[in-house]
Every structure is written in C-alpha cells, then in structure tokens.
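Before I ask anything, let me first share the structure, which is written out below as structure tokens.
In order of appearance the chains are A, B, C and D, and numbering begins at 1 in each one.
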Amino acid sequence: MTKIPSTEPDNEADAFRDECGVFGIFGKVDAAAVVTLGLHALQHRGQEAAGIVSYETDSGQFSIERHVGLIGDTFTKQAVLDRLPGSRAIGHTRYSTTGGEGLRNVQPFFAELAVGGFAISHNGNITNALTKQRELQKRGAIFSSTSDTETLLHLIAMSTHDSFTEKFIDAIKQLEGAFSLVGLSGKKMVGARDRLGIRPLVLGDLDGAYILASETCALDIIGARYVRDIAAGEVIVISEEGAESHFPYAKTNSRFCIFEYVYFARPDSNIEGLNVYEVRKRIGQELAKESPVEADMVVPVPDSGTPAAIGFSQQAGLPFDLGIIRNHYVGRTFIQPTASIRNMGVKLKHNANRDAIKGKRVILVDDSIVRGTTSQKIVQMVRDAGAAEVHMRIASPPTRASCFYGVDTPETSNLLASRLSIEEMKDFIKVDSLAFVSIDGLYRAVNEPGRNGSCPQFCDACFTGEYPTTLRDRDNTDVTRKLSLISKHG
Amino acid sequence: MTKIPSTEPDNEADAFRDECGVFGIFGKVDAAAVVTLGLHALQHRGQEAAGIVSYETDSGQFSIERHVGLIGDTFTKQAVLDRLPGSRAIGHTRYSTTGGEGLRNVQPFFAELAVGGFAISHNGNITNALTKQRELQKRGAIFSSTSDTETLLHLIAMSTHDSFTEKFIDAIKQLEGAFSLVGLSGKKMVGARDRLGIRPLVLGDLDGAYILASETCALDIIGARYVRDIAAGEVIVISEEGAESHFPYAKTNSRFCIFEYVYFARPDSNIEGLNVYEVRKRIGQELAKESPVEADMVVPVPDSGTPAAIGFSQQAGLPFDLGIIRNHYVGRTFIQPTASIRNMGVKLKHNANRDAIKGKRVILVDDSIVRGTTSQKIVQMVRDAGAAEVHMRIASPPTRASCFYGVDTPETSNLLASRLSIEEMKDFIKVDSLAFVSIDGLYRAVNEPGRNGSCPQFCDACFTGEYPTTLRDRDNTDVTRKLSLISKHG
Amino acid sequence: MTKIPSTEPDNEADAFRDECGVFGIFGKVDAAAVVTLGLHALQHRGQEAAGIVSYETDSGQFSIERHVGLIGDTFTKQAVLDRLPGSRAIGHTRYSTTGGEGLRNVQPFFAELAVGGFAISHNGNITNALTKQRELQKRGAIFSSTSDTETLLHLIAMSTHDSFTEKFIDAIKQLEGAFSLVGLSGKKMVGARDRLGIRPLVLGDLDGAYILASETCALDIIGARYVRDIAAGEVIVISEEGAESHFPYAKTNSRFCIFEYVYFARPDSNIEGLNVYEVRKRIGQELAKESPVEADMVVPVPDSGTPAAIGFSQQAGLPFDLGIIRNHYVGRTFIQPTASIRNMGVKLKHNANRDAIKGKRVILVDDSIVRGTTSQKIVQMVRDAGAAEVHMRIASPPTRASCFYGVDTPETSNLLASRLSIEEMKDFIKVDSLAFVSIDGLYRAVNEPGRNGSCPQFCDACFTGEYPTTLRDRDNTDVTRKLSLISKHG
Amino acid sequence: MTKIPSTEPDNEADAFRDECGVFGIFGKVDAAAVVTLGLHALQHRGQEAAGIVSYETDSGQFSIERHVGLIGDTFTKQAVLDRLPGSRAIGHTRYSTTGGEGLRNVQPFFAELAVGGFAISHNGNITNALTKQRELQKRGAIFSSTSDTETLLHLIAMSTHDSFTEKFIDAIKQLEGAFSLVGLSGKKMVGARDRLGIRPLVLGDLDGAYILASETCALDIIGARYVRDIAAGEVIVISEEGAESHFPYAKTNSRFCIFEYVYFARPDSNIEGLNVYEVRKRIGQELAKESPVEADMVVPVPDSGTPAAIGFSQQAGLPFDLGIIRNHYVGRTFIQPTASIRNMGVKLKHNANRDAIKGKRVILVDDSIVRGTTSQKIVQMVRDAGAAEVHMRIASPPTRASCFYGVDTPETSNLLASRLSIEEMKDFIKVDSLAFVSIDGLYRAVNEPGRNGSCPQFCDACFTGEYPTTLRDRDNTDVTRKLSLISKHG
C-alpha cells in the first residue's frame, strides 16, 4: 500500500523506494518468529516500520504488534514474540511512516468484522482507493487512517456476500491498481495479486506449512521450499483443508513491474523464473554492447550498481574494481549534524578509493538516475580523487514518469530525465560520457526479444509513461480533499 | 466510557474507581495547554492515561496526542503541546488501560466522518453499546476498539440526518446508560448528559471562552468562572455564534450519582449546588448522630475518610487526630518486590502513628467498604499499634451492587456487604463496633429530607440495587461474545 | 551529602529540602527488595533519584543500580531486583540531580579499594569536603563527581591504617559537618553519625538482620523492630559476629537538627524518643498559646501544616477545617505549559475550598516561611475565595540563615526573614496578622524547658545563625574553583 | 583499550574484532559535530558504543556524552550536540560493552586532575595495566572501571612531574603494550602511539584545525587533508601555538599490526603509505599464484573477502561473481527468535545465490578463519545451492595465537588453526581444497620482500605467536583477582 506520491519535492530522496514487503505462514508453531525471519529477509522492501498479526487456534484469538524500526531491533525480543502466540501469522514491513502519522499507517491492519477478525498486509497501491473511500464514508464508514488498505477492509465489511471468501473476492474486484495481499481470518490465510500481477508474490512450503512472501529470499532464510509464483489475478485461499485458487478476473496478460528486476528485488531472489542477479548482470552486458567506451576500469556505485558493473566488466573485458567504498552503517536517520558543517562536502555514505582511481579512466555503473543529485555528487567525488575520465553507464532506461503502483517516486517534474535530454543530463552530472541501457536492451536482459509495443510484457510506466491501469484517484479532483487529522501521537 | 465490569475477581482493587474525567475549551489560544491544566485538576477521576485533541481554525486541522501516565508527566512537555495547535481542544483522563490493550481505548476518539473530523471524550458507560455494536457490524461497520464510545461514533457516522448537530442528537438518543460527553467538530464543541444526568458536567467561562468540565475544580485551577451545571438530558452546542441548548429527551427527574459526593469528586468541587467537602462533613455528622460511641479520638483513614472524620469529630466533641499516616508516593504501579517478602506485612500506603494511638479508644472513619480486605489490614495495623478499642464508622451505606454507569466495581458477589450482615462484617474486619450511615442519613447530608422510595432523587444503585435504566447488554447474552483481538501493541 | 548551596536564586523552590535518606540491611535474603521498601518509606527525604548496592556472600561480588525517579517506578521492577542479588544491601534516596549532572551524583558511591570493594550512602553535608578534595588531588587522587561523599572514599583509600575499620574511622575523623553514613564492605556494614549527631540514624532488627535507617518509618514499613538511635559520634560496625560500637570523637553534647521535627521527618517517625506528629501538634499548641486570635476556623496549609493546625485548633477550641485542598498528583516536574497561560494564576498544587471559607475569619497554619512567595499566593487564594480575615500562624521561628548540613536552602539573602521584620512580612504576604512560634516555644514542644543559649540542645542555625561547626569550605575562597566538567550524559 | 581476552568460549563471535576508533579535532567550531562524522567513518572499528568530550575555551568547561549504539542513531541528535559546545573535542567508538557493565567502560574517560580536567580516548591494550593498577591501589587510588585506560589517568594524576605534558609522558613511559591515544586538556590536544606503533594513528588538517584519527577514511568524510602518520613512539602535543613532537622512547623499529591490512581497516584507508584495498587485492593475487585451482568462478565471502577475491579473479583469469548475498540489515543484536526454529538453518546474514552457483566449481575467498564455524556454514550453504566443487582460499595465514593488543580474539585453544593442520581444517569445513596465503606472501602484498625472521617488520603475533612486547599482566598471576563489582546499572 502507499499514498499518492507527495507533491512536495523531497531533496533527500534520490531513489525509487518500494514501499512494502509481505509475508505469511499457516500451520507452523511459533509462526510469528518465522514471520520475523521472513520480514528480515524482506527488509530491503521497507525499513521504517513493521508489524505482525498472529492467530492462535486454541483460543481463537488474534494478537498484533507494530513497531517503528528495523525488524532485528524490534521483533526479535522475546517479550514481543511471546505476545504473538499461534501457528498462523502474517507480517508487513514498510518504507515510510511519513509526517506525524506515527504507527497509524503501519500494517497489518486489523478489523473486527461481523464474521470475525481479519488482518491484512498489502504491497502495492490501489489507484481508486480515495474514490471508494468517499463512497464508503457517505454510507457511514469511519476511517482511522489515510491508507488505501483500510478502504479494502471496509469494502469487505460492507460486502453483502455471505462467506468470507466471497466477501474478500467481492471487495478486491472493486479495486484498481497494484496489490499483492496476504490476509488472515480465523479460519484462512488468503493471498491475492492484482489482475496484472504488478507486484510480486510467491508461494512456499516449510514442512507442510504454507508460506506467502514477496520474494524467494524470504523462503531461503528459513530453508523453505519455493513452490511457485502466485499468478496475476489469482486469489489463493489456504485453510486446514489445503489451498484452493480462484481467478475472479477476466483473463489478461500480466504486466509485472520490470523495475523490480532493476533495483527493488534482492539479487538472490528469483521472480517469475528469472534470477535477479543474473538479469542485472545481463543488463550490464547489454549496456557494454550498446555503449562501449575505452577505459581502465569498471567501478560500481555500490551496492545497487554492482551486479550490472560485473556484467559490464565481463562483457567489456575491463577490470572490475571497488573505486567507491560504501559505509553500511548509514541509516536513513543520519542527519547532518549542524548547518555550519553542511558545506564540508560530507561523505556519509560513499567514499572514493583515491589510490585505486587516481589517473584512471573510470566507467561508473549505477542502476538508475532519479533526480540526478546523487550522481552529481558521486562524479564530483571520483573526479576529486583524481580520475582522468569519468564515464557513466546506467542499468535502466531514463526514468521519466512517476509510479502509482506502490513505489515512492518524486513527482514526474522532479525526475531529471523528464526535463533534460541525455546530452543535457551528461552536462548536468558532469561526466565525459553518459549512456542508459535501451528499453529493448532491458527487455532482452529479461529474456524477451524486445519490448512488444502493442502489448508490453511488463509494467514499464516509469520509463515509458504508459500506465497499464486507469488512475482514477489522480484524475478525480473531488477526492483529493485532505483528511482533517494531521498529527496523531499515541 | 468503560466496559462491562470484569468477571474476574481483582484482589488488588478494593475501591470503586470512577473511570474518567472530561474537559473542553472553545476559543482560547493554546487551548491544549488549558486542557492539560483542566485534566490535571481532574486527575483523581483517572490516572492511567490521557489524551487531547485540538483543532486549529486557520488550517482546519485536528491534532491528537494520547499517552499512558499522569498528565504532569506527559502533557506538560513543550514538544507535546507544540503538536497540539489551535484555540479549541478537548481532553480526557481515564482510569484503566486494562490488559494488553495499550493505547487502543485511550480517549478522545477521533473519526473522519463524511462531514469532516469529529473527536469525543466520554465519562460514563453506555449500557446498550454492545447490542448496538452488533447491529452496526451487520451493516458493515468496522470497530477498532472495545469501547462503547466507538459505538457512538458509528451511530453518528451512519445517521441519515443532514447536519452534524442532528446526527449527534440522533445518535445519543439511541444510547442507554450514563454519559457526560464533550465533542469537537470542525465548527462546534458539543456537550451532553444522559437524560438522568448520572455523571457530572459543568459549564465555565474564561474570558469569553466556553469550557465544559467534569467538575468545578477544573475551572478553579485556571481561574475560570463557574456558569452552571449542564442539565440532565441537555445537549449544548457551542460555536462561534455562541451556545445553544437542545433537550431531545422527554422530561424526567434527574438521578445524579450520589457516590460522586461520597468518594469520586474532589472535596473542593461543587456539584449541583452542593460543596462536596461540606456534604462529606455532614455525612460524618449524621454518622455521629446515628451511631455514637465512647472513645478518645477520631482517626480518618486518609485521605478519603478525612472530611467525614472531621464532621464526626465536631459532632461528637471528640479530638480529631492523624493516627494513620499515608505515603503519597505510592503509585498504583508499586509491585511488591518479591514473593519472599510478601509476608512481612508490608505497609506501602498507610502506617499507624503508634505514639498517637497507643492505649487509646479509636474511632476509624472511612468512606466505604468494598471487599473489606483493606479495612481488615488497617484495623490490624491500628491494633498492632496498641489501640485499646477500634470502632469503625463508614460514611456511606453498605455497597451491595455493582455499578454499570462508568465506575469500575467488583462483581456484586465480591462486595462484602452483598454476602455478610453488618454484624458479620464487624467480625470479618475485627472491630469492636461497626456502623454505616443510613441511606436516609446520606440523603439528609445532600440536603434532602430522606430518600424518596417511589421516586429516588439520586442514582444509589450501588447501595440499593435499584438501577435507574435498563441494562440491555448485561441482559442480552447474545452480545457477550468476546472480540477476536486480545493483544495489541503499537 | 550535598553541595554548597547554589548562589543563584531559584524562584521555584520555596521550601527547605532535606537531601537524602539512607537505609541498609545485613543478613536477610533478597536484601535489595527490603532496601527498596525502606527507601520507599524515606521517599519524602529525596524524590529525584535513588540507588542500591547489594553484596552476595557466595560470589563475593557487589552489584549496583542507580536510577532517576521515584523508587516505586524504578526499583520495583523484577529485572532491576534480579540484578541486585545478596543478603546485604544499602541504599540511598536523594533530592536533587541538579543541572546536567545526570547520574553522576546519585548514591551509593562505590570504590574498588586495595582491600576490596566498598559502597557508601550519605545523608548530610561535609563542610570541609572541597578543602580535603584539593589536598587529595595534589596527592594524585582523581575525582569523578562533585560530591563530598567521594572525598570520604578517597580519605579511606589513602588512609595508611591497616584494617578496613581503622581506615574508615581515620577517614571520618578528618571530616567536619554533618553526616549520617551507611557503608558496605565485603565483610561489614558500617553506620556512623557525626560527633554532633546533626542528621538522624536509627538501628533496627528484622528477624535477626541488622538495619540502619534514617527514620523509624522505614522500619515500620517492613515490620522491623526499632532498637535505638545511633548515638552522636558513634561508629557501629556490623559483621557476621554481631555489632560493635566505636566512639572515636571526644565526648560532646549532641546538636540534632530541630528542623527535622518541624518539617523534614515523617510525622509517624520517632526521633530521639519523640514522636514527630506529637511534637508538631505541640508546636501548634504553643503557637495558640503565644499568639491567639479570634477567628472562625483553623485551616492547615496541607500537608506540612496539618499536625500543627490540629494542635492549634485543639488548644484554641476552634474548628479545624480543610479550607485548602491539595492536589497530590503534582510532581515536581510539572512545568507550567506555556508563557501565555502563566498569568492565569494557575493553582497546580493547592485550591481554596471556596464554600468552606467564604465569609469566615480564617487562621492559616503552615510549617515555615522561606522566600514568602508561596505564602503570598496562598493568602491571595484564600482572600479570593471570600475569607473575611486571614491570620497566618507559622509552626517555626523565622528562618534567617542558610543550612550547610545537607539541606537545600536558598542563600541567606533570599530568606524573607533575613530581610524583613515580622511586621514587614505581614504586609508582604498581606495577612491581617502574622505570628511565628518563639524559639523557646519550639524548644518546649520538644520537651525542653527552653533554649539553653550558652549550650543549645539542638542545631537551630537556620533560625539563629549559630552554626555548631566551622564552615571551612565556605570560608576558604581557595576551594571554590569550579570543576572543569559541567555536563555529563551517559 | 581492551580487557584480557575472555576465558569463556563465545560461540557467536567467529571473527577478530578491533575494539576501538579514536578521533580528535582542535580549533574548529562545532568540533563535536566534526567528531561525530569522524567516528561515523570509523564505525567499523567499534559499533557498540561511543563517546565525545568537548572543551569550550570561553567558559573553560568540558562536556561529555556517552551512548550505547551506532553514532548515526545517537550523536546526530541536535540536543546531544548542543550539550557538547566548543571548538575542541575528542571521541571514541568501541566494540563491546560486555556483561552488565553498561556505560562504565565507554570512553572517552575524564578526570579532574589537580592541574585541571583531562579526557582521553584509547585504541589498543596496555599489557601491564592490572599490574600498575595494583600498585596504584596500594597508594590509595580508587578505580571506577576495569579499563586499562583508567590506569593511565591515575599514572598521570600521581606523576610528580610539573607540567601536564611531562606528566603525560611520564605516565605513558610506564605503559607496555599497544596504544594509540588522543587526549584533551584545557590547553592541549595530545596524540601518542606506543613505541612499536602497533595500532594506527594519523594526523590531518581541516582549514588549519588539527585532526588526529585512527584511519584516513575519517579525514575523507569531512574533506580534511591527510598530513602524515604519527610515528611509532611519537607524542604530539597540539596547542594554540601549533604542534610539537616528543620522542620519549629509545629508538626501535616499528611493528605495525599487519592484521589491520588484512581485515580491520577500511579498504579506502591508507596506512603507512599503503592503500588497504590495493594490499588486499595483492594478497588475493599472491594467493592465486601460490595456490591456483581449476574452477568456474571466484566468489567472495562478502564483504571482507571481496577485495582479495577481485585480486584472485584478476590474477587467475577467472570470472568474479556474487555467489553469496549479504543482508546488511543484520545487526549484532539479532537474536534467533526461539529455540524451536534454531534448527531451520536460518541464514540471517548470508544467502547463497542459487542460480549463480548451481553446477559450478566455486573458489570461495575469505579474509581469515578464526573458529571455523562460519566457514563450515557457508560451505554447506554453497554446497546446498548446488555447487559442483568448493575450494576455499584464505587471504591471511592461519591464525594460531590470541591477540593482546586491543583486538577481541578467542582464547588460543579456540582458534581452529591452533588445533588442526591445514589438511584437518579442510576436512572440518568440508571443502575440496583449502589454502592460506603464506606469511611471506602476505609480506609481499605489503611491499616487503618477505618476512624478516630476525627482525619482523610487522606485528604478526596472531599468525606466528611471536609477541613483540612482554605480556606482564598475563604472566603475573597475582593481578588476575577479579574486581568486586560485577554489575552496574546507572
């Protein structure tokens, strides 16, 4: 889940951020502890906050814990896990708890429905959530958050269908946009992907227990077996009797988010049959073929540029070298301490490895350029360290359009590629040459012959501006009224 | 607001506990700071948690803060007050955050209604809340707490009336039980008392700003002027245009809670025209007249027995003396440190003043006897200190029945007076004599000629078992299903 | 222990503050839990911070815990007590952790001496501590706090005597000023009072375990037996073999702090054979005899004025009434929320009971006048409530001089009585009449025929300016150099 | 500083841990903020706790802050920095706050000496600290920690020399072992390295302000200029007049810790003229020359094995690939949640990249083998992922002996290489082949022709067992008496 991207430029964030990871397990003692491990493996999908809901069959009771901070700092305490008994549990890790909202938007969400309790975790963004919210409020629904996920809960609650599964399907059929969902009722765990399958969701097995997770790396951490990817438009309903699948939507081609391969997913995950690390290496190889340059070394912008840099290096026959060192201790909360030292050119996160670079012609490989400010700083740092030439190669096409499917992106107008040509970008970031992989090159790296313009195989809206769904809330000016409650603590 | 009294005996609590205090102000800069002071003066009505919602007219935005702990430890921090801007604010202080419920039941509650935001603070208990909750859930309402106050919010949200005031009145007309409410919408502050006026609510004025508060002591702390008590069954709607009153109920005689005079209210408050301290002294005088005894000194069980002891002493012509000293540093969180010292007869809260008592015939005066365990301990302590005789005089009739109107009481079966005769109670607490003020003596102390049996002037259900309203939830076995979510953190 | 009184006027503090309570037990399982209870009973002697050191004979190890806050909020947690194993323990509760000093000055202090570990708790103030500190620093001692107690540790460490007991006695013989000490070594618990016995210290017994405590109320809480007061100048050394006493000083008359009877000690404590509550009542009686006035009621300024008000009322034959109600929820940390409401005349701590006072001639009884600002406010509040006349009676002589013996007092120049005559004070606090008990009246209340001017029976320096010891640090300008470290966190 | 390595096997720690980083700046506004940044760059030298002492010339006052946790979470708060005013400051980051010791051993340490305040940060370990401590205690010194650094403070305090600089030099001349020190007095900042220069220390310049830091990466982060390494045995004294150097020891050859190049230092740091990353690549090249093997790919054990793996890959002409992915969110505090899932083979930190490895002959490159347990797990993980062969190459000689110079190492008997031959180690970790770089190969990587056996150019005791200093405390059974105080909180 996410909100409509902020209208205010955020100078800090110079990257796309996937907003969530989801994980659920059904039928394993200490389920919450397993979810904790799964969320830890999905931490790259959201580092700001996390939550777990467990269900204990004996007592018929749910428990919920939600905390701001890394999983490893919050959910690993015995006291926390002790408050989450049961053999079924779902969890959620999220990117941002913006503004003063505190824990209000931290998932899973829980509702006491007439048919019993229900908890849900959501990765993605429902593009008609506010439109639906206005309809629901007119029917008397009370919202306690700004989250699109709460809209889903109300649609379930107000559904006139009889069984829980029918209510759930009735509700998600009213949703537009992107969603990979994991839900937990008193009897069932449900998983669902939107009809285009924009966000990932896989099914795993651990000694007979069912697992749903955003990525396969969350199966690996606990030694679970990968079974299959949940299909686009599939609803899987898991109970003590086993799993059954529903396909409530008309059949259509899927449109998985290609940026998951470029940046979001962990390199050791496999998605829809492809290994992410191998895809990234192949993007680097495509780049080297498309935009070769004479140089002494290939240097990744760590860590996200590393696989493509290895691919580029191998294709180009140039040495791969760590010319930039990353300080992994940087949290997002590191605030530059005082105004008076802001001008020191402080290098909190990256430092050039001066002796490795000095006098060399360097090819820098990064995954993408968003606002361009980070690239500018890194290039300047590499030049200050004495590089003779600096060539930049980017392992994705220029990002020209905002994402509305669960990724935190700047407004389109703040994307460097939406304002400048590649030549102008080259001047802006002050490199000797700049090249992006072509859109067809990117498709080749995911084993397609190229992009099928009439029926694209992936969602690539951030590169092409072609959104695969309507964007009802964005186009519906009536729903943009802000909520009344701006600040909530406790 | 409160929940149905627990069915489990709670050995710790040997007193009735009023569960809430409410306070609101409309039209004063730094309104939240004023509410903080008002809640501080009402701290005796609930010490466990508190919350404030403020509204800023310029931005049209609400802000909310809720914290566990004493007002003076939580809401006095500048950072907290800075997050509560605006010239209108309401607050709430409450007794208990039972079990693992954390902040979920801490008020004010806030809802984003179709017509805008609305916050509410509630003192009392709605006796048909669960019945209404089941109806609302069947219509698709989602509840996020076990609070009866949330039921009210849903009734407002689902009302088909047009204006906010009409919706509010429509909703409260469906409520049964006891409630003194203070609500805040984007345009108005509303106050309301149930048709019997069971819980208190007064109107005050501070330099033209309207104030609603549970007791007059909350006006005194800020130097506000007492205007009048809100009438039983009155709805007062305050806006920039001024205040207007509605009386949506059929006219009936009020039934104010007489136990507020006995114990709950602060002695310096005036309620319905009577000063609480003077009432308590008069109860002591009635006791001295009804049940005199030859003795050397009158000793209060501090602090609640002190005013009645003064009255008794003056009426009886016996010296008033501090034979028991209270340690005011005892919080409710003081846990007896280890099992091995539980048997020391630890005196955390009260200590006998040995030299004052030794060899004396002592009359102990206390406000009430609930389970009797505290009285037992205090009498033993006084005897251990060398008292020659111990006579106990109680400034209320025997408490025989549970309260369902917002007071935390033991189950009826755990009330000593429901099981034992006065003679048996005398033996149980091991005193030389024991007497309670008569029900008519109590009525005389509040300036009535006596109790009017056919049409009692007050709610005295805890003494008489005569409940002035139906108790729909209690009598409706269908609604007692527990909620699914037992534990929520964060 | 304490520091030289601050040179800066502190407008908040309008009372004398005793700075510490001490407690130790030798030979009882879960000793730290017993100390926790003892300190809880001594909380009135210091509310800001506390510490406990325990010793476990089996392991031969000490453990220490120190926390800011009330005992009942910090030391009652099981985890804290679990970290304090052993059957011997001493503790300390203190008034103030001024400035940025954090836990640095919180006691007990612990030192690893050449002969083993040693912990100490101190109530009082050593008036030559800085002078000794300079000497010790010149010999190479490193100080980690500003505390006079640390000076004592260094004197022990640098003593050339052989046994621990001899080192301890050697050290305290070098001290001037006031000290009641409880110390714990690997083999012994020691107690000591300065040669004048300025601060209190009593010996108790709990099932054969030895107890040392500041006041008897700390024995009562755990049902321990009072044995005797430690004598002025006595050193008691407790070991598994029993207790032995040393008297290292030349014999002299004791000079116990008479203000302990007036205000510091708890009313249910007995000190040197006298019950504090009874002394206070007798002071009220003396006042009524010395300075009678025609009036309708006697009203205590709660809580410290209450016993004297009872005594006054009984002697004068006037009714005792609670005309002022105290809000016990006020902590010292309650900060007036914003500048804009400072002028509301906020009554955080006391409220006049309007109906009780209106139209009446009121005698207010308080324990002392320090700066006079509190008296001013209370008188104004009582007048605003409609009192016809306000007469103030003070249960101590005028306080004219600062204390240097472990009490936090304003500079002499900030004491109202040091600047104004009684007549001028009457005008300053705006009462119809003002009277203080005479110094001889005060001595009569403690069962003396009057003050023996040539050889006063008590330390009454705050009333008379006659200090019973030299004040070496005060008179030695060389030692007043401030320490280099002003702020320490962590 | 450090303590004698623990005698208890610690199954968790399977790596050597450098225990500290130091940083100081003299003459820059907001000095504490600069130190914060410097410590952030040195975070790899100690992640558990940190401290800063600042000095403000105007007030002549020191301030100190010490916190447990990462710099970026603790010292970047404005409130913390505001409590550290001044243009001079030193800091310290440390590895471990073992046991219940809380903040007691967190540096810098501060002492109020007779000549004024003095703060000190220490990297290394003084091997005669306990011996000296016993001597000092017999002279009356009181120790408040178990730290060898406190011994140094006492030696300064007890020095009979006149000036501060002379006292400092007098004290460090009595020390044996390894130390890189940064100290701050009211007038001076001092830096010192032990006579063998075992631990690193460099001098930097930022707009005229002097900087002392453990590594050059701490200069880079703030854009400071590297001036030179402080020489072995050098004492540098910095004042407003500039810097002057003292050489109090007899001249000898330096013995810098060669393991700093292998593992401790950051790859972008230069030490004694050599770039750490380049040294590590050269070790990988030496390994490839000494122990080649036919394979399909070179896979680093991330992150510490990466530079050597690149060197190996380039020398061997084999592809470098990320066959193992590291989860950087793992903190050291991640506790495996419950016993029941301990057997899942949870992979918190490393995951095999299955698709990259499957069916391949893999050369794993790691920096060292300590206990061997981590290597075992990683090899098993790589085999489970389907590797056809697994060959291990280690970028250091076998570690056979504990370090006593400021590195946290297991007891010698717990080092795998102290118990097993290389062939046995191969079987233990279950690889197809295992090779370590030779000691001469390692010396060649640091530009030496080989190890000079009669006069080794570096400290390589962990590989050779040849300690370059006496180990007085270790050999002096008299000093091993444990301290009395085991647990201290607050």
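As a working rule, a residue touches a chain if its C-beta (ideal position, glycine included) is under 8 Å from a C-beta of that chain, and two chains touch if they have at least 3 such contacts.
Quick caveat: nothing in here was measured; it's all calculated off a predicted structure.
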item: Mean-CA-position distance for subunit D and subunit C (Å); value: 49
item: Inter-centroid spacing, subunit C versus subunit B (mean Cα positions, whole Å); value: 37
item: Averaged-CA centre spacing for the pair subunit D and subunit B, given as whole angstrom; value: 61
item: Subunit C residues counted as touching two or more neighbouring chains; value: none
item: Contact graph of the chains (line, ring, star, complete, other); value: ring
item: Chains touching one another, given as label pairs in label order; value: A-B, A-D, B-C, C-D
item: Residues of subunit C touching subunit B in the complex; value: 29-30, 33-34, 36-37, 40-41, 43-44, 47, 70-73, 75-78, 81, 206, 217, 220-223, 266-268, 270, 275, 277-278, 303, 306-307, 310, 314, 319-322, 325, 327-331, 333-335, 337-338, 340-341, 344-348, 351-356
item: For the subunit A and subunit B complex, residues of the former touching the latter; value: 51, 59-68, 80, 83-84, 100, 103, 106, 110-114, 116-117, 134, 137-144, 153-154, 157-159, 186, 483-490
